[in-house]
Each structure stands twice: as C-alpha cells, then as structure tokens.
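See structure below.
Labels A, B, C and D are assigned to the chains in the order they are written; within every chain, residues are numbered from 1.
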Amino acid sequence: MNNKEYLQEEIIRRSGVNPSKCMRCGKCSATCPAYDEMEYHPHQFVNMVESGDIEPLLNSESLYKCLSCFACIDRCPRNVEPAKLVEAVRLTAIRQQGANRMTANDVPQMIEEDVPPQLLVSAFRKYTK
Amino acid sequence: MQRVGVFVCWCGSNIAGTVDVEAVSEALKSEPGVVFSTNYQYMCSQAGQDMIKEAVKEHNLTGIVVCSCSPRMHEATFRKTAAAAGLNPYMVEIANIREQCSWVHKDMLTGTEKAIILGKAAIAKVNLNTPLTPGESPVTKRALVIGGGIAGIQTALDIADAGFPVDIVEKKPTIGGKMAQLDKTFPTLDCAACILTPKMVDVAQNEKIRIFSYSEVSEIKGFVGNFDVTIKKNARFVKEDVCTGCGACVDKCPMKKIPNEFNLGMDNRKAIYIPFAQAVPKVATIDPNACNMLKNGKCGLCAKVCTAGAIDYTQKDEYIEEKYGAIVVATGFNPISMDKFDEFAYNQSKDVITSLEFERLTNAAGPTAGKLLRPSDGKHPHTIVFVQCVGSRCDACAEKGKEYCSKICCMYTAKHAMLTRDKYPDTEVYVFYIDVRTPGKNFDEFYRRAVEEYGVKYIKGMVGKVTPEGDVLKVQASDLIANKQLHIDADLVVLAAAIEPDKSARPLATMLTASMDTNDFFTEAHPKLRPVESPTAGVFLSGACQGPKDIPETVSQAGAAASKVIGLLAKDKLTGNPCVAHSNELMCNGCSSCERVCPYGAITYSDKEFRMPDRTTKIRRVASVNPAVCQGCGACTVACPSGAMDLNGFANSQIMAEVDAICK
Amino acid sequence: MQKITREQLIEKAVALLADGTVSCVLGWSKGEFDYDVTPAIFNNEEELKANFVFNDFCGVNFSKYLVAKTQKCEGKILVFLKPCDTYSFNQLLTEHRFDREKVYAVGIPCEGMADVAKVKTICGDGIASINFDGENLAVTTLYEDAPVMISTNDVLAERCVNCKSKKHVAYDELIGDEGEVIESNRFDEVEKLEAMTPDERFAFWQNELSRCIRCNACRDACPACTCEKCVFDNPNSGVENKSPANSFEEKMFHIIRAFHVAGRCTDCGECSRVCPQNIPLHLLNRKFIKDMNEFYGEYQAGAEVGSRAPLVDYTTEDLEPGEVFNRGDMNA
Amino acid sequence: MQVNEYKPLIVAFCCNWCSYAGADLAGNNRLNYPAEVKIIRVPCSCRVNPMFILRAFQRGADGVIICGCHPGDCHYTSGNYYTRRRMAALFSMLDYLGIEKERTRVEWVSAAEGAKFAATMNDFVEKVVALGENKRLEDLRCKK
C-alpha cells in the first residue's frame, strides 16, 4: 500500500465516515458558515478523501477554518458527516507535525470579553487532539 | 404399495457425461415399489414422454420418478405427461440429477453414486405420494377499489368497461384525489382538472360503478374471489341522494374560519362544505368538529335554507357489508411533513411552501384565483427559489426523510419554474438540484425547455439554510459547479417535499394480509413480472401505493391492475395449488400456534363434537385450513406441536422418507 | 410449612359446593404414603373430609387436569392453584385448551413444596409416615424408632428453591395474601452448563439422559404437553417410539419435547418433579427460556392470556442462528 | 481423489424459491461442490421441522444445513423469519447438549447466488470433515 492509500484509509478509519455515501448534493457547503474562509469546502473534503487526494488537504489552512459547528453533519441527508472528516484530516496533520497546537495552559490568556466561550471550547477540542 | 416407474434421462451428454445412466436405472430397479426402470436420451422430448405414457399403461404404474433436470425446469411437463396417461399429476417426483449432480461433479463414479441416492430419495417420497386435486372456489363478480384518486378512478372505469360492477371507497367527501388539486400536468401542460373531471363524471354516471365517498374500509375477511368487506360510511349529515349540490347551505353557514383542506389550509371553508366545484359526488358535507348545530344544538341555518330537505343532523355512521372477488388498493400518497427540516424555515415563514401548496397558489380555482401571490402579504414574488429532494434520497440513519427518490419532483419543479417564467417574466427563478432525473417520454426535452427557452436558473447544489429576515427569505446555498456559496434574497421558497404512502395504507395492509416494504409501500408479487399484483391472491395494486409514480405511470398501472382484475372476474371458478396445508382434526389441539404463524390468515377454528372411545362426546376447538387462501409455505406444520398440521406434497412422512433414503 | 391449612381449604370448598358455585372439587387426595399425594375429584363434603389433604407434598399442578375434567364435569370445577400453577392455567387458556367458564379458580399461597427424594437422602428409604410438626417434618422410617426431624426448608424442591413468582396471575378468588414476582436464580445452573466445554456438556447430558426409561411421566405431567395425540405415539409421524431402543431415542424425545413446549413452557417444574430417574429435565426447558429471553426479550409464558410466544413471532432484526454460538463463546 | 478419504454425509434443505434455484444456478454455472451434499427440496425454509434435522443425525448424517431466501425476500413473506428463530433456538440447544455446533447451519442463498451456494457447501463440508464422523448424535443401530 502506498502512502496515498494509507493516508486515505487512515482518515476513513479515524473519522468513521464512509465518503462514498455522498451523493454530491452540496448541502454541507451550502450550510457552512466558514465557507468563504475555506480553500477546500466541506463537500470537497468528502470528494477528495474519497478519491484519495489527501495531501492538498493536509497542507491547507482550511483545516483550521472549520468551526466544528457540525451544521454539515446535522444537514447532510446521507449521514456522511463531513465535519468528522475535516477533524480526522486535522488530526492527521497535527500528528504529522508531532505537536499539539494548544494546551490547557494556553486557555487563560485567550479569555477576553469579546471571545465567545464556545469558540474556546471548539478551539480546545480542535487543537488538542 | 405404489407401482413406481423410474425414468432416467441422459439429457444428451449433459447427464450421461458424468452419470452412468444405465447403472442408475439398473440400481433403482430394486428399490421398494419400483416395477419398471429405464433410461432415455431426452425424457422431455415427445418420444420420451410417449415412453412414460406407454410404461404407465403397460406396467400399471401408480407413481413416476423422473431422474432428470431440475423440477423447476420440467416438473410441469412431466406432470402433464402423467395426466395424459391417466395418472394424477401429483404422483410424479423429480430427482434432480443434472443441475445438482452431473453439472457440479466431474467424476463419473461420484456422479453415478449421488444420482442413485437422489433417485432413491425421490422413490421413497413418491411411495408416500397421494393423488392431489386442486380445490375450486367460486368468484364473486364484483371488484372493490380502495381510493378514489386518478389510480382508483381509472381502474374502476376499466373494470366497469369490461362489464363488471365496481365499488370505489374514498375517505374524502369527493373522489379526485391529488390530481384534482393540481394545476397543469407535465410534460404537456394540459390542465389537470380538464382531463380529470370528465373522468370523475364518467365514474358518477357509470351504472356499474358505485361511489362510497366519505367512507372507509373497516373489515376485510375471506380470500381471492370471495372477500367479505365491511365499509364504514361516515355520517356526513347530508342525505346524499337528496342533496342537489346547489351550495345554498354553504353560503348561509356562519362558521367561516375552518382551514380548507383542499387548499392545504391556505384559505378557509365553512362548517358545511363542498370541497370544490367539480366534486363527485357533488354533495355537501358537515364537518362535525366545526358545526355549531352538531356541537351544541344551536344554529340549524343550513337545514332552514335547504329546499331539498337534505340536511339530517341525526345521521349516524353506516356499515355496509358487501362481497367482492377482487380488491384493488389505490390509496395513493401524501407529501411528508416538513417539521423535521428546520433549516428551511417552513414553520417560521408563510412564504416557504411545499410544491403542492404552490400548485394550489397557481391554480385558477385556488385561494388566489390563480395569481401567484405570496401567502404572507399577497404581494407578487420576484425571486423564487425551488429546492429539490427535500426529504428524498436521505440516508436511513438520518431519521428524517425517505431513502428513496420521490420520482415526480424533478418534473413538477421544472413545470412550476417554467410556468412561473412564462406568466411572470419579471421573476427570477432558481432551482437547486442534486440530479435532474427526467427519464420519460418528452421529459428531458421539457426540462431543457425550462432552462433554454424560459431561462430558469438551474444550480447544481443544495440550499443549506433559509432565514426569514423582514419580508425577504435569506437563502444560503451552494453552487457546486462554480464552487461558490450563494446568498439569495428570495420572496418565495418552494420545497419539493418527498412523498410517502398514505397513512391509511398500513392498517389496510394488515386487514388484507398484504405485505409492505419498510417505507409502507405495498410490495408487488414480483418486482418485474407481476408488478400490479400483491403477493396476497386477489389483491391488486394501482398507483402510488406501490411506489412513487407520475400520472401517466399511474394510469398505465391502473389499467394493468384493471386487466388483472378482469382476468380474475372473468373466471367462474378458481383452481388452487393443491400443495396446501391441512389439519387432522383428530389430533388438533386448537392451540392457535398455526394461526399465529400463517402469513395469509388461511386458518380458522371451529368447535367440533367428537365421539370418544367411551361413547361420550367431547367438544373440541379444531383448526381448518382454507385451501383457496393457503399458499403452502408450511410454517404452520412446524408450529404445530401435535403434528396435526401437515402439508400436501411435502408431508412430514415424505420428507422424513427422503431423509432416510439419503442417510441410508 | 404451609401458611394455610387443610381445614381452611375444605371449608372454602364446602361453602362453594353448598351455594352451587361449583359442582365438584379438584384437589389433593391421600396416597398410599404420606408423601405421594394424588390429584382427585371430590364431589361432596364427606369425600373431602375423608381424603382431602394439604401439606408440603401437594406439588401437583392441577392446570393440566382441567383440560380433561372440564369436558367431563357438569357445572363448574373448583380448582386450587398455587402461584406457579396459575401460569400454566393462563397458558392453557391462551391455547384454548379448556373453557374458563367451567372453572372456579381459588388462588392459594405456597411456601414451597418438599421433595421426597431430598427427604430420603436424609432419613433413608422406608418412610412409614410423615407428620407435619410446625416448621418440621417428623419422618418415621421402618428402621428407626424415633422419628427423624427435618426442616422443610432443607428439603424444598429445586423449583421451589428457585421459585420465580409468589404472585397469582389468574384466579376468581384468593385465599391469603398476594405475593410478588421474585428475582430468582433459576438460570444459574443453565449458565454453569453453558460455561462448560462441549465435551463436558455432552458427558453431563449423556449421563443424565441415558438414565431415561421412557416412562413418559414427564410428558404426562407437563401442563404444556396436552396434545390430543403426541407425535411420539403417532405411527404416521415418523418418529413414533415408545421405548428407549437406543442411545439416540431419548435424546430425540427430550429435544423434540423441549422444542415443542418452547415458548409455552411456564417453567413449572413438573417434569423434573415426576421423573423417577431424577433427570433434571427442567434444565432443557430453562435453556430455551433463557435463550429466548436473551435473543428476543423477556417473555414469561402464561403471565397473561393471549400473549404471543417468541417462536410464533418474529422481528426483521432477529439475530442469525449462527450468531447464537458467538454469544456462547463470549459467555465461556 | 483418495480412495480412503473420509466422506461425510450432508443433508441440505433448500427452499424452492430461492436456495433450490440458487443450487440450480450453481449447476448451470458448473460450480463444483462436494457430492456428499444431498439436497431435499422444501417449499420454504420454515417447512423444516427440527424433527427432520434430528432424524438425519439419527440416521447418520454428519451435518445438516438449511438454506432459505434472504430475510425480507421470503416468497411467503415471513417464513424465513420463523426459520431464523426456530433454528437459533434449536442450534443453541444442540450446542448445550454438547453437539458440535459446526454440524448445523442456516444460510440465506438467493436464486441469483449460485456462487454463494457452491462456496457455502464447500465451506460447510470442509468444516464437517474437520470434525470427523458424527458420533454424538448418531443412531448406532441404524448405521450400516
């Protein structure tokens, strides 16, 4: 198995998502509040994982633009759960870098009045895996 | 003791290539009961069959074993041969030495050995065979059609046309169904009412057809050719035979604020009402939940103005019992509820509507007299967004929506979009689609016309969110081809809601012992070869109760169901499959185990008097099987602890004998 | 030691006979020995006073007798039902085996019945008489001068040690207080067997079943075995066999019997009670009950009239026959 | 083929509508499976009485397999659902009595699954051969 296939399998396994269930309706991207920030949009994540195109995803800033709001998971008519894929790719990227981007110690400095607590929770969830 | 003849077929070299047919016929000669054994090149050929017939005469055979191909191939052939020779056709057993022997084993020794054992098993079985005669039952030459939509109407008309009486049971006050609510029909754009209402009149005027409107089926007993059905005629508090449908009562009724079901609640009706102008029967109906007179005895205006004296506040539900030979299910469909789709704001904004509601909004007889106006403020919408596949093609685990494609939405959405652009060229029309599915005569041409000639904007993608803000609907959607997220300020959003079988179908299926799939669509007897028959004999399927369908398909299925019904009713007698279960009353405990596992409701119980050895009598509950209903699965035979229940053609003793022959 | 007395029951029976509610009484009658109580029909007060008994050996489940007796008896029959008997009573009603209108059922409490085999292991054979002395049985044998005192609790039948319910699920009238359904350990022994290796299990059952003499006592006592004609007596069934001709016959008989009563067996324990060879037949029935509870959800045959037994029912999601073993491996 | 090779005796009950047709299809496609498999045709898998299975074992069968339509596809709508429950209970009981569980099996084979039929039979025979002769449930008196 080459690296490409390995990565694909790893992400599918880690996310528990079956991207071939996608019927290309694009409701995930239609619903995504971070759409404009993302280079690769939720439906592209699904498609690219399905076709094994993981490298560009790993190197994309899109990984960190996803808000983990799970709207795509809620709306997807096929139960594909794109956010879980994004998360799995993110996790892979972070593991490859060998470091977490955020620790519990970093949180207190980030607490500011205009930062919503939900954001910190999401960030913590995202950057500690 | 049986006198058995054994006929081993070579099937050219198909069998003889791997099985020593000579050795097989020789070995089987010494089996119990065998008086004659031979082999021949092609047993199924005319010469082979003649050989069997001659042997039957010459050796006084009472049973025949043919060692040949699968019984699924030629059992029927050899049964006919036996019958032609004067034997009961069920005295024939086949040993499958081709598909299950010569073709799967390469070695001559192995093949021959196995063929002999298979032959022995067939001989052991035929020794216990008994002549079977298929039962006969009469046919009541009247059909029942449940549901008075276009499917039911067409079926009833076709059956009546063949000269058989038909009854239609419709739960609404009028027949017509969903088609009566539609505006235009794709792909020809003729008006639904113009083509439907003449048919409704035909039904009303056809003397072979009776309409039970505002009625439902409450009980079904019996079986193919002989159904006993109880129809509940709900009290409509108006004498149907007296009412002239003049509408004076409706004008005078003071209860004005009742949501009008026919217009999907987009306007109001009175407590006494006629659903629409062309209703059949054109008779008023009083809504007992809204009428003051029925609720607290105050009012009575309608009775005062009715010159015909048709109003009867004391009317009671009526039960009618009737016999039928065939039942056609035509219960149709409904759009699914939009409650679980919060993202489209259906429950938050009046301007988010379903396609059926849009149909009423554009219908000349609808709440806006055909003018396309927003339900919220009555203004003309300038931007309309159509969303397809709302609740269709959902994953089963998603728990909202349906797994299947609702089939009709692509076409009616194209129709809505096209008609809107045609009548109001100043409107922008967007259609969000996942796939556009247009298999059908002139369907794709129609859709292309919407795009190319009428300038409907088809966007590959889905709407993710609709947010009402002031008097606009903020639509957030994706355009997958442009790889963009779109934000559209719409005035009206139209949802192509998935369709589902009518809620009345499930209890009806239970009454009919007809099977359904997990979506509550009726199952056909065979998905390809018997698409309009239910597996339950005598029950036929018409229209969307079997699966999503458009009008042309529904009408053709309705005609097909009618022809099946006519074929059944044209018979004076039905001959059944003789391989059915039967109960030995002397051994039956009357415990009901068999009845519980019978998928056809073929088993009934009665109290019978038995004479005991001590000359006293004893009354016992015993089972009996209706051979016309039983299909011969044998589930009851295993459920029966005493072994009183047995199956013709596959009796306990016969199967046991086969086991013994194989394990000898 | 039972909480109600023979006299209480006779009084009730006499009253019901006198006011015409019932025309006869199905009750326990003195047998040859004090411990072999037999079922009998009593028609009047004299017969009751002479022969009716009620003591720690009145284990007989009368439900089955109603099938035949309701056909024979004019008028209603009075029947005394212990809690476990009422389950069989309901099950037979579910199967329409007798006419409920012809029965007047009096529920009686039960403190557990004694097993004479257990008594014999303490005092030996040759029991001459048994006196019921408070909590104890005073057993006089032919070989000892003084009676042996045995606590009833020490000789309770297996089915009573693992009593599943003190609650009556059917009756017209109740004597004494109503009890509760009990959380019993009745499946412990089945679990023990399940935990064995197949070889150990085979050895266990070979040992047990090879003692079978095909006396048919289990079948005759079983309230679920009320077939008009048993398949094993029917020459056309292909399995007719009345004696244990070989090592397989009794296996066939007991497996088929257990299968035929599966879903209908209320676990009343009559089969094991009457087995002269002391074969633990209830372990076969309980295996089916335990399996069906685990596979298809808890089901107690006879808990209510008209319920649908697991084997005449299904769901589309049932487990596959191959999967039952995977479970077994997990248990082991 | 070795002459002294142990040949088991396998009885296969096949429902008329799916599995028997599946076995025919295996034949049509010339898919080999051991000749030790002897098929008995029944209208539906729910026709198979546990007595037939025990009888086969009693008379020396080494394995019994029941094939029916896939759940949901029964020609009689519900027959195989009853089969599934009955056989689950029966097989569990046989296992409880110490009978080797590999000797009994239920398999769903559709009319289109000729390959599955052959593969199932090959696999089943292999498993039974590994167990050897059926001693535990065999009637010595009836054995040749």
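One rule holds for everything that comes next: a contact is a pair of C-beta atoms (placed from the backbone, for glycine too) under 8 Å apart; a residue touches a chain by one contact, two chains touch by 3 or more.
Nothing here was measured: the structure is a model prediction, and the numbers come from that model.
Enquirer: Centre-to-centre on C-alpha atoms, which chain is most distant from subunit A?
Expert: C
Enquirer: Per the centroid of Cα atoms for each chain, what is the distance between subunit A and subunit B, given in Å?
Expert: 46
Enquirer: Take the average of all CA coordinates in subunit B, do the same for subunit C, and state the distance between these two points in whole angstrom.
Expert: Distance between chain centres: 49 Å.
Enquirer: If you average the CA atoms of subunit B and of subunit D, how many Å lie between those two points?
Expert: Taking the mean C-alpha position of each chain, the two centres sit 35 Å apart.
Enquirer: Quick check: how many Å separate the C-alpha centres of subunit A and subunit C?
Expert: 64
Enquirer: Could you tell me which residues belong to subunit B and also touch two or more other chains?
Expert: 597, 639, 652, 656
Enquirer: What positions in subunit C touch 2 or more of the other chains?
Expert: Counting only residues that touch two or more other chains, subunit C contributes 231, 237-239, 311-313.
Enquirer: Counting only residues that touch at least 2 other chains, which ones in subunit D make the list?
Expert: Residue numbers touching two or more other chains: 50-51, 55, 78, 82, 86.
Enquirer: Which chain pairs here would you call touching?
Expert: Touching chain pairs, listed by label, are A-B, B-C, B-D, C-D.
Enquirer: If we count contacts the way the header does, which residues on subunit D are in touch with subunit B in the complex?
Expert: Listed in rising order, the residues are 1, 9, 11, 16, 20-21, 23-28, 30-33, 35, 38-44, 46-52, 55-56, 59-61, 74-79, 82, 86, 118, 144.
Enquirer: Give the list of subunit A residues in touch with subunit B in this complex.
Expert: Against subunit B, the touching part of subunit A is residues 21, 23-32, 35-36, 41, 43-44, 71, 75-80.
Enquirer: Any idea which subunit B residues touch subunit A in the complex?
Expert: Touch residues, subunit B against subunit A: 343, 389, 393-395, 397-398, 401, 434-435, 460-465, 476-480, 483, 485-486.
Enquirer: For the complex, give me every residue of subunit C touching subunit D.
Expert: 190, 193-194, 198-206, 231, 237-239, 245-249, 251-252, 255-256, 258-259, 262, 284, 287-288, 291-292, 295-296, 310-316, 318-325, 328
Enquirer: Given the complex with subunit C, which residues does subunit D contribute to the contact?
Expert: Counting only subunit D, the residues touching subunit C are 50-51, 54-55, 57-58, 71-72, 78, 81-82, 84-101, 104-106, 136-141.
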